[in-house]
Each structure stands twice: as structure tokens, then as C-alpha cells.
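There are two complexes below, and they share chain A, which is joined by chain B in the first and by chain C in the second.
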Partner chain A sequence: MFDITILWETRELILQGLWNTVWICFLGCLLALSLGLVLAALRLANPRIFSYPVACYVELCRGIPLLILLFLLYYGGPSIGLTLSASVAGVVGIGLYGAGYFAEIYRGGFKSVPKGHLEAARMLGISPWHVLTRIQIPQMARLIVPPSTNQLIILVKESALISIISVDDLTKNATSIVNQTFQVIEPYLAVALLYWLIIELIARGGYALEKRLANRQPRPIEPRGGTRHAHG
Partner chain B sequence: MFEILLNHYPALAEGLTTTLVVSLSAIALGLVLGVLMAFGLMSRHRLLAWPCGLYRSFWRGTPILLQLLLVYYLLPEVGIEIAPIYAAILTLTLNTAAFQSEIFRSGISHIPVGQIEAARMAGISTWQIRKRIIMPQVFRLTLPPLTNEIITILKNSSLISVIAVTELMRVSEQIASRTFQPLETYLAAALLYLAVNLVLARVSAYLERRMVGGLATE
Partner chain C sequence: MPMVDSTTSTRQKAIVEAQGVSKQFGDLEVLTDIDFRLSPSEVVCVIGPSGSGKSTLLRCLAFLEPYDHGSVYIDSQLLGYEDSGGKRVRTSEKRVDEVRAPVGMVFQHFHLWPHRTALENVTEALRLVNGLSRREADEEGMAMLEQVGLADRAGHFPESLSGGQKQRVAIARALAMKPRVMFFDEPTSALDPELVGEVLEVMNKLAADGMTMVVVTHEMGFAAKVADRVIFMDQGRVVESGAPDKLFRHPQSERLQQFLNTWRERHID
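Let's turn to the complex of A and B:
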């Protein structure tokens, strides 16, 4: 039978696991989002040099399991002088792995902005900075929010793998509770519920952001050299 | 890295075979379940649609590692003793069925309603419509996401090493602990996973190019 008191007795383990999962996921996703942006920007800025290496990196992330990447970092790292603690290896692994996916998402976003918009903006003398911040980013933001939310959710779920390199995350602590109490269903279901909660929060956040971006009115761009005249 | 590949070729090949067998059986079984569940999800009967939706939410919303551990530890509790490899196939199947049901649901919803209405007018039965009109087109429409799902399952199959199935990941762990060369060993394993997934992606791209001709449009 379902015995809820087990969960109360082992609450400290569960909370510790939750905390570790949350901060490692947060930092890992942050790393993935920023590194992905850097990769996409490099590719956009100088396609001739960076297209091929970035495309290779993306293929690597798509083709290699995260577990292998974590093992390479945690067990393989010391042989080239890179000794990481398990949690840091987790953050770096999630970050490197996610970056490949985010680079593709951003690239899709940048590519979706019609070329005509950029040409028209340049013709009107709008500065490159304004082209980026007022034309490219607002248009791509709306498009990349849903796939980014999706990817963040995937990363949170994949973060369960860090338990295999001995990080005390939700999954590892749930297994410890199973081994201590010989109850299988309660700890695993409770932890599944907590993962689901984190994921639901991300999904809701993404949805809210998407709606906000869709409703946003564009602000007028002030022409270079002041606002003295406005023809047409 | 290449030394490891050469010296431990038989063990790695055996591991890779197990990886492929487990992943592909899960994909095939999950496909059957996924198609059935896609029709369940789209059913007008709430008693059918609701449990399918709940199933999809659970299997898509929790980590696959957790699902694997739950299945693996739960089966003996309820008196079912099966080898780890079957527990692994079962978990991957149940997981991919949820993802595939969503892929097929979205594919089915892209088929013009007019075709189905016309078929119904012509007196073709529901199952015949599904078999002859909907599914052939759905497979063409859903080939790209389906390929992604196959690759995901292949990658996720690496974590069944946790329940002691000797697939590629587990074999690499054994080699790493024997040779004390974890970096080279895991790089070799990564190369094998990468090769399989690249081949899969290429085959799928080829099929997609070939099949695009026969697609019905509005």
C-alpha cells in the first residue's frame, strides 16, 4: 500500500536532492543558453569560417548520449588534467550538450527573419544595433520561445543522468530511499512528481513569455540625428 | 581511442549489437502502441482519450532514468521476474510509445479532413480509412520527427547500463576499468554512437527525399 509517512521520514534526502537538481539544472541550462547563443552568433557573423565547425559541434551533441559526455568529463577528464567534482561535471556536461541544440534553435530563429526586413531597415538608415534589437531579436524571440522551452524541459529530464556519476540529485536520493526502506513506489513516484512540477513550471513560464512577446507593441525607432522631421 | 577500438573490437561490437537490438525492438513495439494511442488521443470518447492523455503526460513528463528504475524495481514487487534486458525494452517501449503517439497525433491532424469525409461518404469503414488512407500518408509526414525519436531512443538506451544490461555503454565501462583508459574508451564509444546516429539521419533524409513525391495535398 501507499505509505506516505516514508516520504515524511526521508524528507531531508528528498529536499537535498531537489536542491541539487534545481541548482545544477539552472546553471547547466544557463551555460547551454549562453554558449548556444555564442555558437549561433559566430556562425551568423562569419559563415565561411564558423559554419562548418559549429555544424560539427551540433552533430556531436545530437549523436552522442549525454551519459557518454558526463563519463568523458568525470572519468576521462583526469587523464588530461581536468579534474571536476561530480556536480561541476554535471553542470558542464548539461551546458555543453544543450548548447548544440540551442545553437540550432537560435539559428532557425535568425533565419526566419525575412531578408527584406533587413534590407528595408538598412535602406531607411536604421543602425545595425537597432536592426538587431528592434527587428531581429523581437521577431526571432517569439519563434524560439516554444522550442527553447521544450529543450529546457528535455535538459531537466536528462539531468537525472548526473545521478549515475554520483551527484546526490533527486534520482540518486530516491534510489537511496528505496534501498533504505525497501519501498519502491513511494519514493520514485514522489520524485517523479517533483520533476513534473519543475517541468510544469518551465512550460508555464515559456507559455507566459510567448504570450507577452506576441502582445508586445513595437516602439518607434528614432532616426539617427534626432527626431526633427517625420515624413510619411 | 583507435587502439581501444581495435583491441576490444569483439566486445564493443557485441555491446553495439545489444544497443541496436534493444533500441530497435523498443521503437518497433512503441510504434504499434503509439499509433493505437494516437487514435485513442483523438477519440471522441472521453473515457478513451483521457487515460491516453494521462499516460502521455506521465511518460513524457518524467526522466526516463526514473521510469527505468521504477519498472525495474517494481516488477519483482508485483511478482514478475524478468531479465534486465526485457525490463529495459519494456521501459523504452512504454516511453517511446508516449512520444510516438504525440508525433502520430500531430501527423494525423495534418491530413485534410476532406479525404476522410470523402472516404466515409464512399462507405469505407473506419479501420480501412485508418489503414489505407491515413497511415500511409502519416508515415511520410512524420518521418523527420520519427527519425529524431529513433535517435533519442538510441542515445537513451545508454542508460540501461544502470540495470546491468551489457550494451555499448556498459561494455565501455568494463573496458575502461580494465585498461585504465577511460578517456580513450568513452571516446571510442562516443564515436560508435555518433556513427550509428549519422547513418540513421542520412537514411532518413534519403527516404524523405524519395517519398515526398507521393504526398497527397489539399
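Let's turn to the complex of A and C:
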């Protein structure tokens, strides 16, 4: 009844699906993370002309199901001169969709750094660029890692939807195996395990990063005028 | 030098000068036509009830709040605005930094950067702005921390310092940039009463060393003892100003009398 050997026989399909899911998610998430940063910066920047359009974009992203976005890109794209392969449509879809969420995560991070910290830096003559890179980003980084990890996990899971626009990802290939072998449990359990592994990897990475950012040890201070060895 | 006019000669001696400064938040006028002059080595305390505009005045003098009308000069240089074809326009952030360079500021809530140790808080600007190497900056920073009595806390993060210690680190951080005038915005208002003394002591020492200071404060004792001049503000205007002795013993205006009475009632038990 429970026939594990079919997994071995169809291993090529499974591995192909794994590879496609991994690279599409990787590029899609990369796009989402970086586009999100641009959106957050535009939303917060002076002058505020971009603030409203960006806010609208974010609301749209959060208001449309990913599947509809994928349909629009893949099936609707050609009618406006945008012909994408299914995989590229998947990357773009995940990227555009995730960017809206990441923009909000970043915005929250920026807002959480007290204005006074920035004023103190500006009063010392520290340039706006250094205020951003040395004061704001290090402080917000700790705060945005947990929600960002969470969002990445959600995106990877939602990526199963790209199977519907005919990308040979884990989900679609599992379904193919089911159709070929008439075995349902084994293929789906196998890909479930693989999704879980990817996500576990992201989660572990997130924890590690979080820990690294939180447990920053002060560097040792050299005693004044003395030698290093005089340290007591 | 641009922006020179006939009054330059009278400005020469003031480090900080405000002329007819006004500021509105929406419909609310928080500062009305403020004139202010600060000479080298002078210590001026600004007192007044909450919402009187005293913190806003200090923030306008530092251009943390852009003022709407009037002029603020630091070392005779107009702060925050410049003349462009007869119209007044905002200067670049870089120009603001240049003009504001002689000013150091200490805030009510310290605003130490939590991801940096006490020493790093002090050395950050030395390295980023003055271009000192890590070693030079550390040496300079340690000297500053010593000056406020906190050399032994150099490696501590702000979260493990008391309020008084945080404020002293904040003072050291400002002093590291060798300011010629220090602005203090209610430096002891966020502190537990038993920690106020250590901060005031550092400020006392600074004043005794000849530092030019503007202190927005509720510490009447400090004002009476250290200030050369006290300014009393209410509803966005300077109501009275003069030597502390004169102001505290013989207040002219009814508002100041009321203010001092309220203060005395609260502090005698």
C-alpha cells in the first residue's frame, strides 16, 4: 500500500521540481526584498510626492491574491506586450507581491528608531547618509529580522501557486507523479517534507541572524597608555 | 562672505543670536518674535511653564525645528536659510552642519544610540566627521568619558547605565566635537531625583571652565547659582529676562510671580 520505491523511480522529477522551486523562490524573494526597500525609502523620503503612489501599491499588493497576480502576468501579459515564460512570471509575481509586504516591514523598522537618535547624530555633524547606515539601519535590522523571516516563509509556501501557471515546481511535479502512478500519499508527503526543509533552513537562518545582531559584544578597550597585557 | 548687512558689527561678539524668530505648528503660534543674544562664556537659563516654547526656542536655535520668520545666527552666519535672488530658501543639510558646527546639544532623553557602547557613542562622530582613526578616537573618547567621571563605563551599552550616567555620556559625546557653545534641553527632567545632582555637577564644572551655555531647565537652584542671565518664557514670548538674583527676588511680571510661587509651593514641604 505504502510504496516508497516510486519516489526513487521518479526522483528526477522531484529533484527538478525542487530545483525550480528553489531558484524561483530565491530570485522572487530577492526581488521582493530589494524592491520593498526601494518602496519603503520612496514612501518615507522627502519630498513626499512618492508617498501616496507607494502607499497605493502596497494596498494593492495586499489586496490581491497571488494567484490572480500570476494569472494577470502570465495570461494577461501578452495582451499588453509583456510575454514572460512561466518561470519568469513566477519570479516577477512573487517579487511584486512580496515587495508590498517587505515595504511595510521596513517602514515599521525605520519608524521604530526614535527621531531623537537621528537628531543627536545630526547635531554632531554626522551626514544624513551615515545617519542612515550607521544609526538607523543597524537599529532597525534587529527589529525587522523576525517579521522578514516570517514573510519569506509565507512567500515560499505561496510559491506552490506557480504550479497553476504551468511552472514545473515541486507542487506541479508531485501532481504529475500522482497522475502517472496513481499513488497520492507518497509524492505529496515527499514534497511536503522538501518544502518543510527549505522553510526550516530559512527559519534557522533568521534565528542565527537575529542572534548575531542582538548579541553584539563590545570590542575590548585598550587601556590608555599601557600595553595590551596590562589588561586586568 | 554673503549675507553681510549693516548690523554685522553689533553681531560680531555674539556666538548665537536670534532676531524676531517666530514659529508655528499648524495654527498654533509657539514662538512669537523672539530676540536673543548669547555672548561668549555666558550661561543663560531659560525657564517657564510647560508649553511656553522654551524647548522649541532651543530647537530653532539649533535648526532642529526650522523657524518660520526672523533669523538665527551662529557666529554671525545665518543658520538654515540663504538668500537666493531676493528670496529666502533653505540651505543644504551640509551647509546647516557647517554653520551649526560650534554647537553641541544635550537632550532630555539622552538619545544615546543603543547599539553602541558608551565609548562608541562618544567616538562615532570623531571618526565619521573628524576622520580620526579608531585609536585616536578611542583615546579622545576616553579622555571625554574621564571628564564626566565615566571612564570605567566605557565598554557598557546604554541599557546597562543609569539615567544620570547616560546623560553624562551624552554630554561627553557632545563635548568630544569641541563645541564652543552647548545647548541643554531639560537635561535633568527625565532623571530620578537622586541622579540629578551628578549631571548638574558636570554642567557646573563646564560653566566654571568658561563654556558658553543655553540651558532650558526646571532646576531653579541651578539657574540661580550658575546662570549669568535667566530668561522667563510664557506662551511663546520672552516675558522677563535678567540676572537670576533680580529675576528670582524681584519678579516684575505677574506671570513670573505666579510661576515662582507655584514652584515654591511644590518644593517646600
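Points worth noting:
By our rule, the second predicted complex is superposed on the first by the 215 of 232 C-alpha atoms of A that agree within 3 Å, B and C clash if a C-alpha of one lies under 4 Å from a C-alpha of the other, contacts with A are read in each partner's own complex, and residues count from 1 in each chain.
Heads up, the rule we're going with is that a residue touches a chain if its C-beta (ideal position, glycine included) is under 8 Å from a C-beta of that chain, and two chains touch if they have at least 3 such contacts.
Predicted model, so just to flag it, every value in this text is computed and none were measured.
Touch criterion met: A:Gly116 reaches chain C, while chain B stays clear of it. In the superposition on chain A, A:Leu27 contacts neither chain B nor chain C. Residue contacts after overlaying the shared chain place A:Val88 against neither chain B nor chain C. Ranked by how many residues of chain A each touches, chain B and chain C are led by B. Legend: residue contacts after superposition of the two complexes on their common chain; A:Leu209 is shown touching neither chain B nor chain C.
In the superposition on chain A, contact of A:Leu67 is made with chain B only, not with chain C.
Within the superposed three-chain model, A:Leu124 lies in touch with chain C and out of touch with chain B [touch as defined at top]. Of the two partner chains, chain C is the only one touched by A:Arg134; chain B is not.
By the document's definition of touching, of the two partners only chain B reaches A:Ile199; chain C does not. By the touch criterion stated above, A:Ser79 is placed in contact with chain B alone, chain C being left untouched. According to the touch criterion, chain A has no shared surface contacted by chain B in one complex and chain C in the other. Contact residues of chain C toward chain A in the complex are 62, 64, 93-94, 97, 100-101, 103-105, 107, 109, 111-115, 117, 119-120, 124-125, 128-129, 135, 138-139, 142, 154-157, 170, 173-174, 177. Considering their complex, residues 114, 116-117, 119-128, 130, 134-135, 138-139, 142, 216, 218, 220-222, 224 of chain A touch chain C. Contact residues on chain A toward chain B in their complex (touch as defined above): 59-60, 62-69, 71-72, 75-77, 79-80, 157-161, 163-164, 171, 174-175, 178, 184-185, 188-189, 191-192, 195-196, 199-200. Chain B meets chain A in the complex at residues 57-58, 61-66, 69-70, 73-74, 77, 151, 155-156, 158-159, 161-162, 169, 172-173, 176, 181-187, 189-190, 193-194, 197-198, 201.
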